[in-house]
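The structures come next, written out as structure tokens.
The two complexes that follow have chain A in common; it is paired with chain B in the first and with chain C in the second.
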Partner chain A sequence: MSSISELYDVSWEEMRDKLRKWREENYRNSEQIVDVGEELINEHASKLGDDIWIIYEQVMIAALDCSRDDLAWSCLQELKRQFPDSHRVKRLAGMRLEALERYEDANKLYDSILQDDPTNTAARKRKISILRAQGKSSEAIRELNEYLEQFVGDQEAWHELSELYINEHDYAKAAFCLEELMMTNPHNHLYCEQYAEVKYTQGGLENLELARKYFAQALKLNNRNMRALFGLYMGLFATSHQPYTPQNPEAQGFAARNRDEVDCVQLKFQHIHGEGLSC
Partner chain B sequence: RTYFFSYCKMLLHAAKYPHCAVNGLLVAEKHKKKDSPRDSVLCVDCVPLFHGALALAPMLEVALTLIDAWCKENKYVIAGYYQANERIKEARPNQVAEKVAARISENFSEAAMIMLDNSRFTMDCFVPVLFIYDHHDNKWKCREPSTDCFEDWIEAQKITAALLESKSYESLVDFDNHLDDLRNDWTNPEINKSVLHLC
Partner chain C sequence: MAHLLLDSSIRLWVVLPIVFITFIVGVLRHYVTQLLHNEKKVDLQQVSDSQVLLRSRILRENGKYLPKQSFAMRKHYFNNPETGFFKKVKRKVIPKNPMTDTSMLTDMMKGNLTNVLPMILIGGWINWAFSGFVTTKVPFPLTLRFKPMLQRGIELLSLDASWVSSASWYFLNVFGLRSMYTLILGQDNAADQSRIMQDQMTGAAMAMPPDPNKAFKSEWEALEIVEHRWALENVEEELMCQDLNFRGLFS
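Coming up: the complex of A and B.
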């Protein structure tokens, strides 16, 4: 079996940089991380300097994803030796227990971290992940809501909560979470677009119109967001066929304007199809 | 019944995103047989749809529209829906599965709903890991598991195991990947070629 560096003709620095990129952009390509990281650790540990500790952490988590308990265990031992009293390492030990489905032991470990340091967000989030893994969605949602009351700025948590709500088909609450994210990240086209998808799914003329607006906004922020473009088209189409009703006299106005927009969007599609653009 | 193209692509899709729920559509050839028995529908191919959040409508509607158009061009019909849940022990169909499958059966009365059994999913594929549901009296009923639902189980098993071993799932394209980059082709011609190569 040839090594990664031979197969792909890369140097150890390039492998280290790839790992950093995956770490910073939060990729979950665990099999690749294990392949690249394991070779880096086994062959080039001495050259990595202090980077090695964060690489051990990254590789350990990826190893858990791939059921490589051998690799996870050895990474954990190195980290335990270097940082004997660290909560961060303890949390990794907890994640290993989770991977082995020893949820009670994992919870005990996290509880001991929280006794020492009640503000430790990582341990709290792991406990919520355990609930999700066990299929206890309502409890996970409740705990996550309590967590967010204390840690209002935690974007990862707001996003996780929106996902949980979407899975439970509680679109109104999912929309609320995405609104929080859009407020703090007004330039993020992905949140805009996801919000629009949730509104569209909720249905009803008002929500469809709102969806159309937010798809348009997402497209304004990133004109290569294909989901936003498709969504805009769907939104326009859905709202351009609304009949007049006394409850909503503006509907026909929207409808007429939206029918014109549908043509514009169709032209844009043809243009993009020709160029094969990507997001 | 399932042809090996459909089976191996379903499993490759699930293998590519082990931490997510995945879903997709099955397509069958459109034959007009007057006295066709119930299980003469042959699912010749499958189109992987999404991974992650399956319960959102707009992209699903886009996918159904585009895939329906593609089917019409190729004399196919959307004949089924598959889903693998996020959690390993959860193999029951949920609201999303039932809604989409019901919508498909409006257009194709013999539509099947397929749930993958994550807990028995292995690299060797020694047993089929599907639960197949048929629509009877507005309810979805699970069939008795057997290899009868496969056109050729031995081939299917052999090919799927070989593809999993060679990590072909890394190049599998689902509709989500297509939305990320329109150049990604959800008909997966490369994987189809590999399958034919292994026959």
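Coming up: the complex of A and C.
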């Protein structure tokens, strides 16, 4: 089995930089990380210097993903030897226990971290993911709510909560979580689009109109977002077919404008669709 | 203005050594501070409060991207006269007396030891060792008021105030080498004295100002006056007007 450096003709510095890029941009390509990282650790450990510890951490998490328990165990041993009392390393040990499905032991470990340091967010989040892994979604939701009451700024947690609510079909609460995310990241088109999708799923004229507006906003932020374009199209289509009541006098003009907009979007859609098919 | 020609050995044996000494002492101070540094215990309550304040501020700034209903709901959560967060939550504030609170006392002592003491010692030594002659000239004219301060060992009435002694060169160095420290020790280094003085005034985002109640009150006021102007009012029309530039998408 030839090594990565021979296969792709890269030097160890390039491999290290690639790992750093994956780490900073939060990629989850675990198989690649394991391949590249394993080779770096085995062949070039001395040249890496102090970088090696964070590479150990990155490779360990990727190894847990690929169920490479041997690699994970060796990385953990190295880290434990270097940082004997570290909460961060303890959390990694807990993650390994989770991967082996020893949830009770993992829970005990996280509780001990939290006793030491009540503000440690990583341990709390791991406990919640244990609940999620065990399928206890209502408890996970409850714990996550409590966590968010104390740490209101944690965006990862808000996103996780919105996913949990969507799985439970509680769209109103999911919309609330996504609103938090939109508030903190107003220029992120993905949050706008997800929010619009949730509103669209909720249904009803008001929600459909909101959905349309947010799909349009997502398109404005990034005009390559096909999902938003499709969502906008569906939203326009849906609202143009809603029966309008006499209490809503502007709905007539609205419907007419909707029809125009539907045609407009349809044209644009066919345009891309055509272009998409041709290439 | 007097044109004085200074002996070049002054440059070699006074100016450069003082720069060198100041720099080395600064670096040493940095490492000593790191050794004596102990972990600041962060209180859960404080972290939580600081995040809540951050959220309220973001609501004020970016609330216009939320639908009216959501914004009103959040504003209500914070500002409602009976059940609003800022109205209801009163934190027990124990005024931290610097004299009796042990952790703050040791922190203060350590700060004094590592920063003020070396400065006094070295300043005094330089004053003693390099006194009696003029070291350098500042490039801008100074008034006579500065003479006794900057020309410590030199008792000449007719000498321009721009010519300064070595003690003032030392102090110039202490503040001037700040950017050098940033270059070599990276940001956030302990050798940076002026930053330490600044630290006592501004607070970081993690640590709360000593009185959260005041912060809550000011945040409440700020949130009261904000009104919701929905940014997405005409977004669809705007979108239709502009060309969506799909041409190059799949090429």
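Quick note on the criterion: the second predicted complex is superposed on the first by the 262 of 279 C-alpha atoms of A that agree within 3 Å, B and C clash if a C-alpha of one lies under 4 Å from a C-alpha of the other, contacts with A are read in each partner's own complex, and residues count from 1 in each chain.
The rule is simple: a residue touches a chain if its C-beta (ideal position, glycine included) is under 8 Å from a C-beta of that chain, and two chains touch if they have at least 3 such contacts.
Bear in mind that the values here come from a model prediction, so they are computed numbers and not experimental data.
Engineer: Is A:Arg28 touching anything from chain B or chain C once the two structures are fitted on A? First, second, both or neither.
Structural biologist: first
Engineer: Quick one: is A:Leu164 in contact with chain B, with chain C, with both, or with neither? Answer first, second, both or neither.
Structural biologist: Touch partners of A:Leu164: none, neither chain B nor chain C.
Engineer: Name the contact category of A:Ile52: first (chain B only), second (chain C only), both, or neither.
Structural biologist: neither
Engineer: Could you tell me if A:Gly135 is touching chain B, chain C, both of them or neither one (first, second, both, neither)?
Structural biologist: A:Gly135 contacts chain B only, not chain C.
Engineer: Using the superposition on chain A described above, determine whether A:Ala123 touches chain B (first), chain C (second), both, or neither.
Structural biologist: Once the two structures are laid over each other on A, A:Ala123 reaches no partner at all.
Engineer: Kindly classify A:Leu210 by the partners it touches after superposition: chain B alone (first), chain C alone (second), both, or neither?
Structural biologist: Second partner only, chain C.
Engineer: Residue by residue on chain A, keep only those touching chain B in one complex and chain C in the other, then list them.
Structural biologist: Touching chain B in the first complex and chain C in the second, residues 272, 276, 278-279 of chain A appear in both lists.
Engineer: Could you please specify the touching residues of chain A with respect to chain C in the complex?
Structural biologist: Within the complex, chain A touches chain C at residues 118-119, 150-153, 176, 179, 182-184, 186, 210, 212-214, 216-217, 219-220, 223-224, 261, 264, 268, 271-272, 275-276, 278-279.
Engineer: Which of the residues in chain A end up touching chain B in this complex?
Structural biologist: Per the touch definition, chain A meets chain B at residues 28, 31, 65, 133, 135, 163, 166-167, 169, 196-198, 200-201, 203, 211, 226-227, 230-231, 234-235, 272-273, 276-279.
Engineer: Which residues of chain C touch chain A in the complex?
Structural biologist: Result: residues 42-44, 47-48, 51-52, 54-55, 58-59, 62-63, 65-67, 70, 232, 235-236, 238-240, 244-246, 249-251 of chain C touch chain A.
Engineer: Would you mind writing out the residues of chain B in touch with chain A in their complex?
Structural biologist: 18-19, 52-53, 55-59, 61-62, 87, 89-90, 95, 167, 179-183
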